[in-house]
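These are the structures, in structure tokens.
Shared between the two complexes below is chain A, which pairs with chain B and chain C, respectively.
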Partner chain A sequence: MRIGRLPAKKARILAVRYLGAGIVILLFLFPVYWLFMISFKTPDEIYHVPPLWIPEQIQFSNYYVLFKDGDVLAILNSLIVAGVSSGIAIVLGTLCAYSLARYGTGGENLAMWIISQRMIPPIAVVFPIFLIYVHFGLVDGYFGLILLYTAFNLPYVIWMMRGYIVDVPLELEESALVDGLNRWEVIWKVVFPMVRPGLMATSVFTFVFAWNDFLFALVLTRTEVITFPVMLTHYFGGQSNFWAKIAAMSVLGTLPIFVAVSVMQRYLVRGISLGAVKG
Partner chain B sequence: MTVSVSLNGAEQRRPSRFGRMLEDRLPYLIVAPAILILLLVGLFPLIYSLIVSFQRITMTENDTSFVGLLNYAELFRDTRLWASLGHTAIITAIALPLELLVGFLMAQLFIDGMPGRQIFVALLVLPTVISPIVAGATWRLMFDVRFGPIGQILSFFAGEPVRILWTVNPAYVYPAIIICEVWQWAPFMFLLLLAALSNVDQSQLEAAEIDGASYLRVLRAIVLPAIAPVIAVACLIRGLDLVRIFDIIWALTEGGPGSMTETVSLYTYVQGFSQFETSYTAAISFLVIALLTLITTLVLKRMELTR
Partner chain C sequence: MADVKLSGVHKYYGNVHAVRGVDLSIADGEFAVLVGPSGCGKSTLLRTIAGLEDPDDGTITIGGAVVNDLRPRERNIAMVFQNYALYPYLTVNENIAFGLRARKTPEIEIRKRVGEAAEMLGIGNLLQRYPRQLSGGQRQRVAIGRAIVRKADLFLFDEPLSNLDAQLRDEMRSEIKRLHHEITTTMIYVTHDQVEAMTLADRIVLLRDGKIEQQGAPLELFEQPRTGFVAGFLGSPSINLIPATLKTSGTAAEAVFKSGGSLTLPPAKAALLSGAEERQVLVGIRPQHFSRAGGGGPLREGVVSYSATADLIQPTGTRTFTTIKIGGVDAVAELQAHDVTNHGERIELAIDLNRVVLIDPASGLVIA
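So, the complex of A and B:
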């Protein structure tokens, strides 16, 4: 960009666009800034009229309280549940996707059935699942949530990974077979390295989906395995909301996924559009 | 697939019989675990739910005798259910086009080269990746009548104190929900449309520019047809999410005031988990599934036609 040499008219247009960009950024990031800032405020500053836009000083007591009261266990629970379930979904889903992509197992029908599983509204399945879980004593435990999130994320993983595997040139696999590798070795040594970026991106998104889920966690947790979004709603009271805790907890629960998604920026569009837009 | 047949012929090493068997069945072996989990957690509850929906199980009674379509007949008399479907339709009908429009305008703003664009785009991802519960909580703090900045900003521009109970006043709850929803998901539309717009054929645009075509004409004749498939996919994904909207409303209004912002997901939740109307909830679930399937099929059909 040679801004210095641009004709005056183009420079003016660019200036106007920067102004527009600034306004857009301001509108969309101000709420995040507000949340972030409340997490550093003292109670006096939070409940100040009129509201203060900048805290006197940055202090971490709101976070300290979360650690002292053990509320951060909810973050740990989310980490365990989302992490383990994404791991299982990725392994099982990628293997399944390989079969669909390379052998055409089940034809288009199976692939469509799998993606249609993702379209089912959670509210329609959560109630019968709750009844079944109560029957088997799975409510409020890690296993139940992990099983549910694995199943919930499998269609996404299969659908996305099928797309990434189809993109791998078939000649690579053929020549590996000619060289005497068997199918397992082809999958592990040829296909996996080729799809690694897609695999990483898909892992991040399955993790985020499980991490952000509220409805399943609300229904299936009680006191033991509370995840972070459910914990957040516990702070909402009729009259007084624990704003300090809401803000600090939200920041703790948002930073990890923001960092993870930022690293995967290149695959973001493909990931959130279910592979329809390759970005 | 013919490919796998020719691949199997290329075997050179002689694997053991067990190894050969494993390899012959490989396509099914590696599909099985995933499908089993999906059947167990996806299909089994649905079948169970279907059976329950023909029974008469409530919190107090465990009556498993079959009553036919009684629960489904009840659906038609349930005014609160139809009201909740109406609320869902209102939110979807306003938020979806608004998200699309705002996302499109944002994409237009950022489409041409602009130093620092990468950073802007990376920052704008933030609302979309945060948990909807966090989004709802954030806007609850923003909207607060005494300690939130929105009232303060409005007062500043109005020149007099503006006191709006955004999440309680019937006139403002829908705007509050829609502002929060659009704030979170317009960036989603933006990301998809930005990618789609970057793929529009540049030579066509340049030719149109040389011919002196107006902006609106270029938009209608070249840009929109090129990005139509992406718009369709984006609307389908967001539309399905909006129809089952739950989290944001739970965090912002909890369905209130009264049941004024109760969507069909919230109503189903209330019936199932506060009223414990087991059989009736199952019937509602199937109504929701039927409606969603209908909408999805219609949209997909339309997409096929326009392609």
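So, the complex of A and C:
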């Protein structure tokens, strides 16, 4: 479509639309841009008045410090904790969801009861959990956090996957049963491929939940297994804030989510709309 | 290849008694069609044979072995579903090969059998496509292909043509019949469509409320129904049922309508009636047993003339259905295409009463 060919009125409407879209994009992208820019600036540039829109030169010393001091281990910790807990929650949750969807396990209300567990405000349970963890020596370790995030993500996974599985035509499974598969093979070879978009979308959300959690990580970690959001708080001080470190760490912490969402984007859109719209 | 025997099979869904003591024996190589109105238990019965449902009572035997406790995959059956049940993420080739791969068939053998099946069904050029790229008829061919490559002992079809349009349904129906001639495996086919049942079956098993109402060869059921339900279910348009009082005296019998008028039954029919001199009946006359009376010559024995006014006229091209009044109720007569053309036209009809069916309205049983 060439704008030159459009009648003047339509061209004006189109121009206004693009302008509106441009403003919205700017509004949303500016904080991200600013975050990236700060991470490349020297301290002088960061505090410069008026603000510098583009640093003199791109330099990586802020990142270098994070690597040198071992602060990036927090990213690794987050990756391990979020990755493993999401993996377990997805596998267990999908199996539970299958049981609910196909065998009617727990009757009509169990699914609702399970998802209601997810609605409890985390702050209401974090201190009792802390006391229990202290008792069992689970504080400040991978296992404790993985256990907790798995437990918190399970209701969500079960709820979402149940919806996706219910939508898989039962005849596909029955046909496979007649054709020679057992129930586990049916789940693996028929149900999984059918719900793959939903599975991917759910995986991303569980990962993001664990990745972004601050409250539990703050209360349940001390010095050994510090996750990335908790590490960030260490840079806020009573006297001064280490803006360079905050920015660099934030960029590192944003990248995995950025990568995950980009890779999964195709599935995310389909997964989120799956179930809502019948194909 | 295998015969199938069901004895005393019951199936409950909660309080619903879906299958009520079915005894059925299907011979090796036979094409049996389970037919009946929706909710009669035909699909449930088929799924019970497949092992997708467990019977609550009774035994199921396939090829001489009791299969009650066997899982579906252990019964060596193949099944075609109403909505095709193709895996959307697999190509046609992979779909057809699915059951063979599940059974760890060697790849060379798989390729050979898929090729044969594809050729038999005329879908050789579609093997690399995905189900979403196929038309309804092609999808159903793939589903049938997936069943035949298995070389199973028994084929089960659960309303396989219901999702197809009328023309395609006729075409696929012939193909399924041809397929049965070629591979001669025992087939059990479920449908609610009496035309499918009549055209495909070696034997029709007509179910009603979870029980077998009658079974036999298609024409046997059509011509010698045991109940009014069977008479009404088979045949299109369905049989006309006209309430009347049956008066017998000696070897003569006459059906007298409340609204006046009567039909004299042929001696052969009258001979079958005994006992009560006067009883209420439903007189069943198939639309095909009407014809336009012509010439004025003597009528064959058992054929009576009847004068009526044509009400609705529905030409189908080959035949014309017209609605007339007999005994105060609407009845459909199937005539030649040009026998009747105008609404309200007065027509002289001949009714062949040799094949009339008399039904006891209380029990629903055919009495003659």
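Heads up, the rule we're going with is that the second predicted complex is superposed on the first by the 260 of 279 C-alpha atoms of A that agree within 3 Å, B and C clash if a C-alpha of one lies under 4 Å from a C-alpha of the other, contacts with A are read in each partner's own complex, and residues count from 1 in each chain.
The definition used in the following text is that contacts are C-beta pairs under 8 Å (C-beta built on N, C-alpha and C of every residue); 3 or more make two chains touch, one makes a residue touch a chain.
Because the structure is predicted, anything quoted here is derived from the model rather than measured.
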item: Chain B versus chain C as contact partner of A:Leu172, first or second or both or neither; value: second
item: Larger contact residue set on chain A - chain B or chain C; value: B
item: First (chain B), second (chain C), both or neither touched by A:Pro193; value: second
item: Chain B versus chain C as contact partner of A:Trp53, first or second or both or neither; value: first
item: Which of chain B and chain C A:Glu185 touches, first, second, both or neither; value: second
item: Partner chain(s) touched by A:Gly137 [first = chain B, second = chain C, both, neither]; value: neither
item: Residues of chain A that lie at the interface with chain B and also at the interface with chain C; value: 174, 177-178, 180, 182
item: Of chain C, residues touching chain A in the complex; value: 50-52, 71-73, 77-79, 81-83, 85, 87-89, 98-99, 102-103, 146, 150, 156
item: Interfacial residue positions of chain A with respect to chain C in the complex; value: 169, 171-172, 174-182, 185, 190, 193-194, 196
item: Complex interface listing, chain A residues touching chain B; value: 1, 3, 14, 17-18, 20-21, 24-25, 28-32, 34-35, 38, 46-51, 53, 92-93, 95-96, 98-100, 102-106, 110, 114, 117, 119-125, 127-132, 147-148, 150-152, 154-155, 158, 170, 173-174, 177-178, 180, 182-184, 208, 211-212, 214-215, 219, 228-229, 232-233, 236, 241, 243, 246-247, 250, 253-254, 257-258, 261-262, 265, 268-269, 272-274, 276-279
item: Parts of chain B lying in touch with chain A, wherever the complex brings them together; value: 1, 3-4, 7, 10-13, 15, 19, 23, 26-28, 30-31, 33-35, 37-38, 40-42, 44-46, 48-49, 52, 106, 109-110, 112-115, 120, 122-134, 137-142, 146-149, 152, 183, 186-188, 191-192, 194-196, 229-230, 233-234, 237, 240, 243-244, 246-247, 250-251, 264-265, 268-269, 272-273, 278, 281-282, 285-286, 288-289, 292-293, 296
